[in-house]
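First chain A sits with chain B, and in the next complex the same chain sits with chain C.
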Partner chain A sequence: MNNAPASPPVGAAASVESRWASPEMRARIRRRYGAERRFKAVGLIAVLMSVGFLAFLLGTMAWSGLSGFSQTRVALPVDFRGSGLSIDASSMTKAEAMAALNQQGLGDLLQLSATSAYGAQGESYFGTAAKESAAAAIYDDPSMLQRQVELALPATSPIDVAAKGEGDAASEAAVARLEAAGKLSSGLDTTFLSSADATDPTVAGIWGALKGSLLTMLVTLALAFPVGVLAAVYLEEYAPKNRLTDIIEVSINNLAAVPSIIFGLLALALFINAFGLCQGSPLVGGLTLALMTMPVIVIAGRNAIKAVPPSIRDAALGVGASRVQVVFHHVLPLALPGILTGTIIGMARALGETAPLLLVGMRAFVGGTPDGLCSSATVLPMQIFLWSDEVDRGFVENTSTAIIVLLIVLLSMNAAAIILRNRFEKRW
Partner chain B sequence: MTTEPNTAPKMTARGVNVFYGDKQAIDDVSIDVYRDHVTAFIGPSGCGKSTFLRTLNRMNDTVAGARVTGDIRLDGEDIYAPEMDVVQLRARVGMVFQKPNPFPKSIFDNVAYGPKIHGLATSKSELEGIVESALTRAGLWGEVKDRLQDSGTALSGGQQQRLCIARAIAVDPETVLMDEPCSALDPIATAKIEELIHELRGRYAIVIVTHNMQQAARVSQRTAFFHLGKIVEYGATTDIFTNPREERTKDYITGRYG
Partner chain C sequence: MSGLAIVLMLFGLGLIAWLSGRARAAQLERVTPAAAVRPHSRPQYHGWYVALWTILPALAFLSVWSALSPGLAVQAVLADPAAASLPDNEFVRSAIIGEARQLATGQIAQGFNPQSAALVEPFRTAISRYSTIGVVIALILAFAGAAWSFTRLKRDFRARTRVERVVMLLLLAASLVAILTTFGIVFSLLFESIRFFDRVPVTDFLFGTHWSPVSGNEDPDLFGAIPLFWGTILIGAVIAMIVAIPLGLMTAIYLTQYAPARVRSWLKPTIEVLAGVPTVVYGFFAALTVGPALRSLADALGIAGASSDSALAAGLVMGIMIIPLVSSMADDSIAAVPSAMRDGSLALGATPSETIRKVLIPAALPGVMGGVLLAVSRAVGETMIVVMAAGQSANLTGNPFSSVTTVTVQIVKLMTGDQEFESAKTLAAFALGLVLFIVTLMLNIVALRIVKRFRESYE
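Entry: the complex of A and B
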């Protein structure tokens, strides 16, 4: 059997068998298995590489950013008796009370106390953050104005950074002394999560940018989702298939690939120069990002609608449903998971977008939390960009922490997409 | 079993041509469909029988480039007239497709969908009554009455097809078109559908397209043999199968081609 001729005559049973067992055939089989093994190995390497990069990214961010959620506090004994400070906590709001305390010289009192407790250099331990924290503590418990108390107040940036292990020599020494005296403590940095940008890194917070991002996304979603879905439905279900719709399809596909900075220029010319809308606001930012997100939603929506089996349309038409009823009762519900996935992908891209927002004025320093769609605001990636430019060491930490916040927002958006998709997904 | 109808035809077609773009799929077809009779369309694949069936409730309207000429009437009303409402027409001329295509909704919602969109029920209990009677007539009530909220797609193929029939008759149509309703089913499920067609006969005019000549012989009273877009022969089923007038019909029935 093994010594059969190379090209056996067709039809002879023995030679057919030998054809399958010939050395050429065995070599071919070996090559086939080899190709399969190689392909599997290459695929595995690719997956491991992406997992490695992701782990590295998350690891670095967590390593340098997580400490930003905590703040270093230094204990400060303060004697309020005879200081002349007084507030009426029952009739004042917190902001009013804090302003009043500032005016009555709370800052000077704190500096005085710092000097008497820690010597001349004690002044450099406490800054704006300490003053605000002390004022808030007094507002919460006005009775302390009648006695001597020891307050744990947020340290200034150099001390904070040194306590976390990256400060200059002088600050390191100060931290070592405070540490030995048991005057250092740390706690959750609520300021970072509740305040807006500031020039002092211990006072600067992420909430302003986060709220700006949320408002901007709201505008983007409210505009891009309905317009994108309706355009997709019209193009798939109603539009005649002709040259014009071909051109429209190509244009939409190209629009999705246009660099985002171009959308920024378009928005600058259209929304700000032509319409005169409020510059640097979530409204204009959201409109800009909506322009960018819409084609993504249209493309995802069209693909999802295309994937709905024609038999479902036939079935609905067959019992006498109108075109609109077919679309809204059957096609859209079945296409919704796909549309939602596309929408979330588009929104995630918009959330991380910085370039077009540079051009519509969202890169200004905004020291307050936006309270409406038309007030000045910045967004998370822009805040990261701005902070990464700062020289103060405290801002390096803030930058990493802001990146963690941005990633958390992105991951929760993706989680929401998966949950929504699973809820609406139906099998047929 | 009467072989010659003694009532006026339910649907009439005269000189019907169907074009897909430049290609002519149906060539000068004329036929009468009677209410008391099941009419079967037989013929080799691609002969146009499904295409012609879909002209009877204007399902071809949804196909891009399809064009129908000629005259098709339902109870004397021209269904291609501009004033004919196609949504209403499709409620009056129901359709069952080749592949069972229940909506991915509950069994109840599948059947209730038609009555709901046409406003046939004024109350929930009336709607439930319609669903029950449609499922009963489709011979499915006994099997699904305890799980009406289960998904229609979870049923077996045969049950799905009967569900589709229930869905079609729930809007109380005058004619039911069936496009190879058993081609995706096993013999037992096929037998059930055929039995069902027997029971529905007389209540609705039924037109069934089939590849299976035994099935045409079993369920229909009248048979039309299509070939290359034309009707070669149309008459009583017993005549077509025992005594065909045309040579081509005879060749097809005896299995010489097809």
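Entry: the complex of A and C
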């Protein structure tokens, strides 16, 4: 310190000290610390807002969608004696029995019972869902055809919506009357997860869309995974440094950033117009999504392969493995958890994708489950989109419920990816 | 026999070939005493060699054949006496033939044109004849390949080298898929766009201010895309960014600079969930909740021209979706700033917020800018949110509460109505797609270049 040339004189040091204590200095420090606190608070607010948006989004969907798992039922006394309905439960399958009952005029009987129980407007309380439910009940217990029973049957959409608090005035009044008479009950809507799309929201379900999604994802996985992994292996392990490799790398990085709707245009021009593949089918949808998912898998795969230390390769080469053996016997197994994580994330993205599928004809109404790769089908996000366009309030609820199902599937896929990464990925 | 069954049968033959090749090699290894030189390749490579020779030539033939045989079948049908009564008009004729094909393969149950019914039988025989020929030739190829390769197996045969060469070709082919996809996109967009620009001049398309395509009308005045570009910019590049940049940047700053490690390890994945929510869900949320709420807000404020499918609703929700993207890019760029700069600033007595504002952000700015450009490119190409929440009418307005339309909305609208090929209306979707592709590509290239240069400057 002695030979420091700029050591300040004693008097100056004292004045600095006094200035630190001076009111202006304190005010300035207060101001600076205030700014610090404010800045930190702004950061916290930003984080809380982002998390809050997420919570609000999920909360809104859960709030309006959970009621879709329940259905409103109205009690209906039916006298089957003398109705002429008969089934042979021992020899008929459920579908046959239900068809036979329909043909024998079950619907008319129900409408008749409804008018005699609830007056002229009673007809409007029961629809297709009630008929199916009654037929199923008769199949389970054919002896009821010989007596008078009171069945709790699913109500039509206006009544259902009104019972959940969002209906129009007339239905609200009807619901209030039924409520007062103790005729209303609610139960688990089992048809929602097991039936396909329909024009009546109380009958419509998501099984058709779920199966379509499953088939589409199978095609996507079967194409994108092998091609993606092989391309990643080539680029990371074998590709010579030349112009072709550069072009491949540039196109993979660009494809990962191309808007999804462009893939839809490509699929329309290539698969449907040029190759004439079946329009609106899981095959074409899966091909389109495979083109989109492949770059994601290549990029994830390259990172996973890059993370395998060179010592593994050197050791394998040292004991006489060929270059192909090094990769397929040693590098690839070690990189597999990382590759699978990337694949699951890519597949989750493909599962939630709608836009390109709009263009390849998957937006048609499909009132049945797809039974093959070439039959016309819809997928879960597309079903959500189609339902969100419907005017009927019953479909709004269905949309939210379908969104809950989609989000549960996607979140569990992402959770699986995270678990896989944490459990199996080695840090070298 | 269906295509899948043939391929499965080929793979079954391949399995048999693999087993017999391996057994043959093992036998060769055993026959000669162990004292002799060890064979070059393990038995399974001999197996693979035989299996590849069984499957690949037959598979290659089948793929060529499946492209050729429909044409051959049509020729056979045209030579049939039943085809003599077909009209001369090329267009009608091909329509009838297409219908007969669909009837013959069972894709449709009932034909539209009565003449197609007569052709069903000839078509069915032709198709079955050519598919039988194809299967027989494929089987001959498979057996010939298997037999030839099997006779080549010897004790010192270098089977592994050959198998590995095929593996390398396979790897190269897999990588070429990416190039093919890129070329496919560029060519399909360019090809259809050029046909569009034959009808509507490029300048009218790019600089026209009136957009209302009608079927059958090819008046260039109806294809002015400026309102679409403006709507896209207003929603994707202005409103969404006003939401996403401050929130994303401040989130990244708080998480990297202030939050304790435990909080960070929970908050970061939670915010990433925002990026994992499907866009159709955001769209439904925007259309059902945000749009009506904003409309009543605008009515309460007395803003004229408010609509429930407003630019603001779509933009706000899109901004929320983009937050994780901006946040993670900003996170990476701040982490890339050398810690010496941060430590130096703190050591001079600056508070953490002063360090962030005066040192870290300016130093990380290029990286953040790159991230913002990527986010813009993502927002511009986003489809479902705007399809569900933004409007359909092409307005050239600055009022965020009114309805505007975007490029992606119009692509979907043009391609999903009653579409007829060859009409300017359908082709316009490809022209819009081309513009979208070029713009997002440019944004990405510029963004990646900025980020790369920024990274290099601190290495």
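One rule holds for everything that comes next: the second predicted complex is superposed on the first by the 371 of 428 C-alpha atoms of A that agree within 3 Å, B and C clash if a C-alpha of one lies under 4 Å from a C-alpha of the other, contacts with A are read in each partner's own complex, and residues count from 1 in each chain.
In this section, contacts are C-beta pairs under 8 Å (C-beta built on N, C-alpha and C of every residue); 3 or more make two chains touch, one makes a residue touch a chain.
Only a predicted model underlies this, so the values are computations on that prediction, with no experimental measurement involved.
**Q** In the superposition on chain A, see if there is space for chain B and chain C together, and answer fit or clash.
**A** Verdict on chain A: chain B and chain C fit.
**Q** Between chain B (first) and chain C (second), which, if any, makes contact with A:S322: first, second, both or neither?
**A** In the superposed model, A:S322 contacts both chain B and chain C.
**Q** Could you look at A:D314 and tell me whether it touches chain B, chain C, both or neither (first, second, both, neither)?
**A** First partner only.
**Q** Regarding the shared-chain residue A:T93, is it in contact with chain B (first), chain C (second), both, or neither?
**A** neither
**Q** Name the contact category of A:L266: first (chain B only), second (chain C only), both, or neither.
**A** In the superposition, A:L266 contacts chain C only.
**Q** Just chain B (first), just chain C (second), both, or neither: which does A:L334 touch?
**A** Touch status of A:L334: first partner only.
**Q** Tell me the contact category for A:Y234 with respect to chain B and chain C: first, second, both or neither.
**A** After superposition on chain A, A:Y234 lies in contact with chain C alone.
**Q** For A:I247, is the partner it touches chain B (first), chain C (second), both, or none of the two (neither)?
**A** second
**Q** Give one of first, second, both or neither to describe whether A:N102 is in contact with chain B, with chain C, with both, or with none.
**A** Neither partner.
**Q** Among the partners chain B and chain C, which is in contact with a greater number of residues of chain A?
**A** C
**Q** So if I take every C-alpha atom in chain B and every one in chain C after superposing, what is the smallest distance between them in Å?
**A** Value for chain B versus chain C, nearest C-alpha atoms: 8 Å.
**Q** Could you list which residues of chain A make contact with chain B in one structure and with chain C in the other?
**A** 322
**Q** Looking at the complex, which residues from chain A come into contact with chain B?
**A** Where chain A meets chain B, its residues are 240-241, 309, 311-322, 325, 329-330, 334, 426-428.
**Q** Which residues, counting only chain C, touch chain A once they are in their complex?
**A** 107, 160, 164, 167-168, 170-172, 174-179, 181-182, 184-185, 188-189, 191-192, 246-247, 249-251, 253-255, 257-259, 267, 269-271, 273-274, 276-285, 287-289, 320, 323, 327, 351-354, 356-357, 374, 377-378, 380-384, 387-388, 408, 411-412, 415-416, 421, 429-430, 433, 436-437, 440-441, 444-445, 448
**Q** Please name which positions on chain A make contact with chain C in the complex.
**A** For chain A paired with chain C, touching residues are 32-33, 35-36, 39-40, 42-47, 49-51, 53-54, 57, 60-61, 226-228, 230-231, 233-235, 238-239, 247-248, 251-255, 257-266, 268-270, 273, 278, 291, 294-295, 298, 322-324, 328, 348-349, 351-355, 358-359, 363, 381-382, 384-385, 388, 396, 399-400, 403, 406-407, 410-411, 414, 418.
**Q** How about chain B: which of its residues touch chain A in the complex?
**A** On the chain B side, the touching residues are 57, 59, 62, 64, 87-91, 94-97, 99, 101-104, 113-114, 117-118, 151, 153, 164, 167-168, 170-171.
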